[in-house]
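Take a look at the structures below.
Both of the next two complexes hold chain A, though its partner changes from chain B to chain C.
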Partner chain A sequence: MFRLPAGTYFQSYRQAHSFWPTRFMAFRMIVLLIVLFAVVPFTFSNYALSIANRIGYTILAAMGVQLLIGFTGQLTLGHAAFVAVGAYVSAIFTLTAADNASFSPFWGFLTQTGMAYPLSILLACLIAGLWSVLFGLPSARVKGFGIILTTMAAQFITVDFVIAQYVSQIGGRGHYFSIPPGSLKIGGWALTGDRDAYFLMLILVTGVTVAMINWKRTRPGRAWIAIRDNDIAAEILGVDIVRYKLLAYFAAGMLAGLAGSFWITSLFFVSPEHFVWSNSLWWVGVILIGGVGAVDGTIFGAIFLELMLVLVNSFAVANILFLYFKDIAFGLAVILFLLYEPNGLSYRWWQVKNYFYLWPFSYK
Partner chain B sequence: MQTRKTLWMMFASLISLLAMLLSACGGAATPEGPAPAAPAEVVRIGSINDTTGPTSDVGKDYALGIREAVAYVNDHGGVNGKLIELFQYDYGYRVPEAITTYKRFRDQDKVVAVLGWGTGDTSALAPTVTQDKMPYVSASYSAELTDPSKTPYNLFFSTDYSTNARAAITAWYEEVWLKDARFESRRNAGDKPRFVAFYSFPTPYSSAPIKAIKEQAELLGFEIGPDQDISLTALDTKSQVLAASEFGPDLVWHGNTTMSVAAALKDSAALELGADHIVNNWGYDENLPRLAGDAAEGVIGIVPSAFFGEETEPGVPGVTMADVMEYAQKYNPNVPPEKRLVRTVQAWGDVLLLWEAMKRADAAGDLSGEGILKAFETLENYDLGLGAPPVTFAPTDHRPGSAVNLYIIRGGQFELLARVDLKERWPELWPTWLGY
Partner chain C sequence: MELLLQLLVSGILVGSIYALVALGWTLIYKSSGVLNLAMGELTLVGAYVCLSLYNNWGVPFPVAVLGSLVMGAILGLLVERLVLRPLIGKPVLTVIMVTVGLSFLLRGLVGLIWGTDTVVFDPPVFPAEPIRIGPLIISPVFLGGFVASLILLAFFVWFFQGTRWGLAMQATADDQMAALSLGVSAKLVYAIAWAIAFMAAGVGGIFLGSINGLNISVGHLGLLVLPAVVLGGLNSVPGAIAGGLIIGVLQNLTGGYLDGFIPGGIKDIFPLAFMAVILLFKPYGLWGWVKIERV
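Showing the complex of A and B:
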């Protein structure tokens, strides 16, 4: 009941490809979704929801890193740049819609029907994806450490140069792109508080998780994994390496765009300071702790690191006497995981599940 | 066996982590009541500080000052008998973390007011703060926060960055350009003084006064060169100094914090840029001559309050520099007095300002966000002491003042150079400068 019995009893491809092969698994996941969608938002305090939103944002952003590093083996330290592109595209689009709503029929229609923000999300995904492909181009020639440097260049070119010096000046706003509360609407649903953002976050995270799991087992996903494991072998097998690498960059950029456009709901404001280079490092830490190549690992890693931050923050001593405690905790967590749990939390979760599946007759 | 043991340990630690989180979150859900042991009523205040991030060169001292000033307030009767409970967190200058910390203050710690830090996070929070009616007294003196029609709940005790910048360039123009013998021939030839700004483009603190200072430069008849982007954590600024020297400036504005400014000053001296320097207040403190040495000679800067240890007239709250030094020694004895900075005094300034407003609000029987804001707007020419110019908050104009003290470094010591009052000098323009 709890797990598949030994041997395979699938009778159709449909069964073999299902997310949850047994009823118990389906039941378990549905309970989880009900708790997340219906119980948590109405019982947790606003503060707890805001932490949940940060976790969601970290998941969305780290999924792209997971896709690049975990699936395709392309090391990246510039993901924050693409998240920034997403956030700025989404913010500029919704602000333009709000500014021009009164005299332009097109923008007016978008604003009235609450289509501006959803459309801006799509546009943010597309532009962030294309921007990411641009910086993925060197991956056709460069491998390993070289690619880390090209992705870091993305950070400096995008955030410190293009956004800080040119994009921020659009509309004379200086460095402050403030989005008036209530201007982010999906249809008639105005995203005004942490609870609204939480629902949007859940929908996005669920969608992205499903997409990631599916991508992993489709043709591009298998090609990505082949490139990660051995690019020369993959090429010999007929995988068009450049095309699939660029596709991975595009997909990762789209996820970054999604994360960026979600980010603006949480504080009605964007500034280049939100997308500093260390964010990219943080997201790499998330997948290292969660498990490289594991979709659920991204979620575990994000929860672990964000909760660690909350925990460390709640010790006043750590804030006043032990400076750099948070940075130390982050570094220590990554080192300890690499040493003692190199497969990440996802592997540990798998072991925990197996322990209970097999209990009391586990084989040793 | 080994695996199983580790498994259980992991499981146990996960459960305990979850339990800790739940207890942390549950705190907000249960009705708040005073702890049975505490006899007096408590007023809760949150403080967001940077003690580890790129502005920690000035933020650490400010954070210590906040704690000491709150201790002083509590020793002197608190808010009409109610003691202040301070919740202080470091956010490492990471804006997202400031946002969650603010939400923690609002929803869990249930504070009545917040002492904030940077411009990036303070402006990011401004719409939220306005919506929540939460008085937010920041160490960011950005002029964007002074227009009560947009950000009524953002307040601070010092003159804003734009006023500072305008005053600094005016002071240099009047005290140096018009008087100094170095420029005599060029003055007589009808040359325009040449001006360049050094600051971190993506940092809102640094970029906040740029529009204002350029406007002022045009007003005074400067020729403006290309801006140079210098990061807050810069150690080497040679390429920027070289780029600036092509333009050949007479005056450079430094908009960053002390460490970065010191690096730029040293490189300017090494590469013989030959310009004078004016520095915004967060880049100008006791550490500047220590870090920049001879390169700091003749540098002009803005100082919003007295330096640490400088004798001052006591203001209305009656706080003297001796008190500031006593509390520094009492609460942070491991930091020697010669290492303390003007930042401590600035922290006192913000705390004393909030204290007075809370006392007035409490006396009026409304210690809520709205009540505190109303109390702030009753402050008129209120003298905080500690060398800070008196503050006024009009309901239509939250710029605390228009008079700026400019100092100059001579022989490694700070000397008062000039006091520029912009409202007196340009009474008709002053109202139009609100909000940027």
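Showing the complex of A and C:
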């Protein structure tokens, strides 16, 4: 846990349990939010905002991985499958016949609903969550490596088979659904540019971060952490581990669905290639570099890796070489972090914070 | 009936290559407990080394395979020393993800050095016209892979059962603490396991790559060893071999029979789906050790 600044003490349980225990913390976070909501979108360029959106998407997707690996201890290497489910559900239900005139008549009842985008987000979360529970079922019997393999199976079955071969055919134009600009609206607010997507991203990321921090303190959150630390001991103590594991899969699937349905605002088309296996691995790398089990670590990891990508991109000489440098940089980053900074960036941040909190009386 | 026989035979032939790679995987897991997800990339490295020796340097094919084995052994020792050894005793997630990082690194390096174009052995190593045995049609590539896999499997099993180092590996796999106290060097055992895994994967990659040409997606085929080892039970050498054969046969049978009903590459995902279902009923695979856990 955090340490309190020198000279500050809790005086009531209410204060000890509050979201922001000290006024300074509240002040700091509110300033951060004001900067993010009111300053950044109007001063940064569109390119910078598109990078910010990418970071936000990575955070949203990696939060689900964090919930499964960091909170519940269920290793997952197939998270991109559920993100893909979210993106496809949201895209299919939002688009109307006018957007995709070539839709085959048979699937018309599905594809011409023209559902409101916020509703389609909810539906995407629900379906992605249920799909995730389906592949979480083996976790009732196996753990460790078995779980890794079933999540890998989820990845290849969902993305490379069901979506690439069947769902993509619904659109009737081969491999992708195009998303015409202006087809995603929230009420009267059309999400057309990077700035609109940025606001939506910020709202979602803030909400998900708060939810994740608070989930840790609820009954399911404590059950998840008990399962992570020692599942047999948790079961002996009366935690229904199958139920809570499946709940974790459902929650992670919902976060994945949210990430996917957000990400279509920044895409011109949805294609299975956006959700390949290396994305799943990439998100696990995000939480490793940020710190396993730490909510703020997810954010640090996402920022680190996406900025690394931007850096690699700017150095890349030719387009095709960039692909390899990206792989090499990611592989090296993961290996070096595991060898030399196994607790991740959030631990380093914690140390820096404590240094200043306890200064000048650091007794530790 | 002839179709069934044909599918079975070619399944066993491909499966023997999977069995070889799976054996390498199992040796690592058995001796050091590392769950290695970089197996697909290990196949790529070995295959590309052999191909460069053969195509660019004009080395005869058997010598090129030998060169790839030597290169694999060196790389295996290096990887174990630099990456895996500092992580002995760390949580499962750490060790798994370090192999994932390794797989990204190797894939990037392979792409950087050899590019993405599909390359073939030139001039072809195996004749193109198939061999006919009665009603069966067998491609020489598959037969070559089968023979090479059998030779290497026999060699590795002999190494594991009959040599001093192999016995040290068995002892470490059985009880690490007891082995250490009897003077077995665990470091040496881990190093040998990684060298063998690289060598086995490399030879597997050479033959998988000479079926349809070699490109990055051969690494994806190398991933099929994971269902094979899970099916066999992670720490059983005969299980890995049987698992590889079963996965090869299953892949061919689904490709032959189910592809007509459910088109679109069911061949590639069926082994994974099958494995997920098997895990529900036999969590420790067919011949794996049942672990009794205590708090």
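Operating definition for what follows: the second predicted complex is superposed on the first by the 320 of 364 C-alpha atoms of A that agree within 3 Å, B and C clash if a C-alpha of one lies under 4 Å from a C-alpha of the other, contacts with A are read in each partner's own complex, and residues count from 1 in each chain.
In this section, a residue touches a chain if its C-beta (ideal position, glycine included) is under 8 Å from a C-beta of that chain, and two chains touch if they have at least 3 such contacts.
In this text the structure is predicted, and so the values were computed from the model without any measurement.
A.B. asks: If we overlay the two complexes on their shared chain A, which of chain B and chain C does A:Gln165 touch? Say first, second, both or neither.
C.D. replies: both
A.B. asks: Is A:Pro342 contacted by the first partner chain B, the second partner chain C, both or neither?
C.D. replies: In the superposed model, A:Pro342 contacts chain C only, not chain B.
A.B. asks: Looking at A:Ala16, would you say it contacts chain B, chain C, both, or neither? Reply first, second, both or neither.
C.D. replies: So A:Ala16 meets neither chain B nor chain C here.
A.B. asks: Counting only touches as set out at the top, which of chain B and chain C does A:Pro181 meet: first, second, both, neither?
C.D. replies: first
A.B. asks: Looking at A:Leu307, would you say it contacts chain B, chain C, both, or neither? Reply first, second, both or neither.
C.D. replies: First partner only.
A.B. asks: Contact-wise, after the overlay, does A:Ser271 reach chain B, chain C, both or neither (first, second, both, neither)?
C.D. replies: The first partner, chain B, only.
A.B. asks: A:Lys326 contacts which: chain B (first), chain C (second), both, neither?
C.D. replies: both
A.B. asks: Looking at the overlay, does A:Leu358 come into contact with chain B only (first), chain C only (second), both, or neither?
C.D. replies: It touches nothing on chain B or chain C.
A.B. asks: For A:Leu33, select first, second, both or neither according to whether it touches chain B, chain C, the two together, or no partner.
C.D. replies: A:Leu33: touches no partner chain.
A.B. asks: On chain A, what residues does chain B touch that chain C touches as well?
C.D. replies: 160, 164-165, 320, 323-324, 326-327
A.B. asks: Report the residues of chain B in contact with chain A in the complex, numbered from low to high.
C.D. replies: For chain B paired with chain A, touching residues are 3-4, 7, 10-11, 17, 20-21, 24-25, 28-29, 49, 51-52, 56, 60, 63, 67, 87-90, 92, 94-97, 99-101, 103-104, 106-108, 120, 123-128, 131, 144, 201-204, 207-208, 211, 229, 436.
A.B. asks: Can you list the residues on chain C that touch chain A in the complex?
C.D. replies: Against chain A, chain C makes touches at 35, 37, 83, 86-87, 90, 92-94, 96-98, 100-109, 111-112, 116, 223, 226-227, 230, 234, 263-266, 268-269, 272-273, 275-276, 279-280, 283, 293-295.
A.B. asks: Hey, which residues of chain A end up touching chain B in the complex?
C.D. replies: Listed in rising order, the residues are 43-48, 50-51, 54, 159-160, 163-165, 168, 174-176, 178, 180-181, 194, 266-269, 271-274, 276, 307, 309-311, 313-314, 316, 319-320, 323-324, 326-327, 348, 351-352, 355.
A.B. asks: Along chain A, where are the residues that touch chain C in the complex?
C.D. replies: Per the touch definition, chain A meets chain C at residues 69, 75, 77, 135, 137-138, 141-142, 144-146, 148-150, 152-153, 156-157, 160-161, 164-166, 230, 232-233, 236, 278, 281, 284-285, 288, 292, 320-321, 323-335, 338-339, 342.
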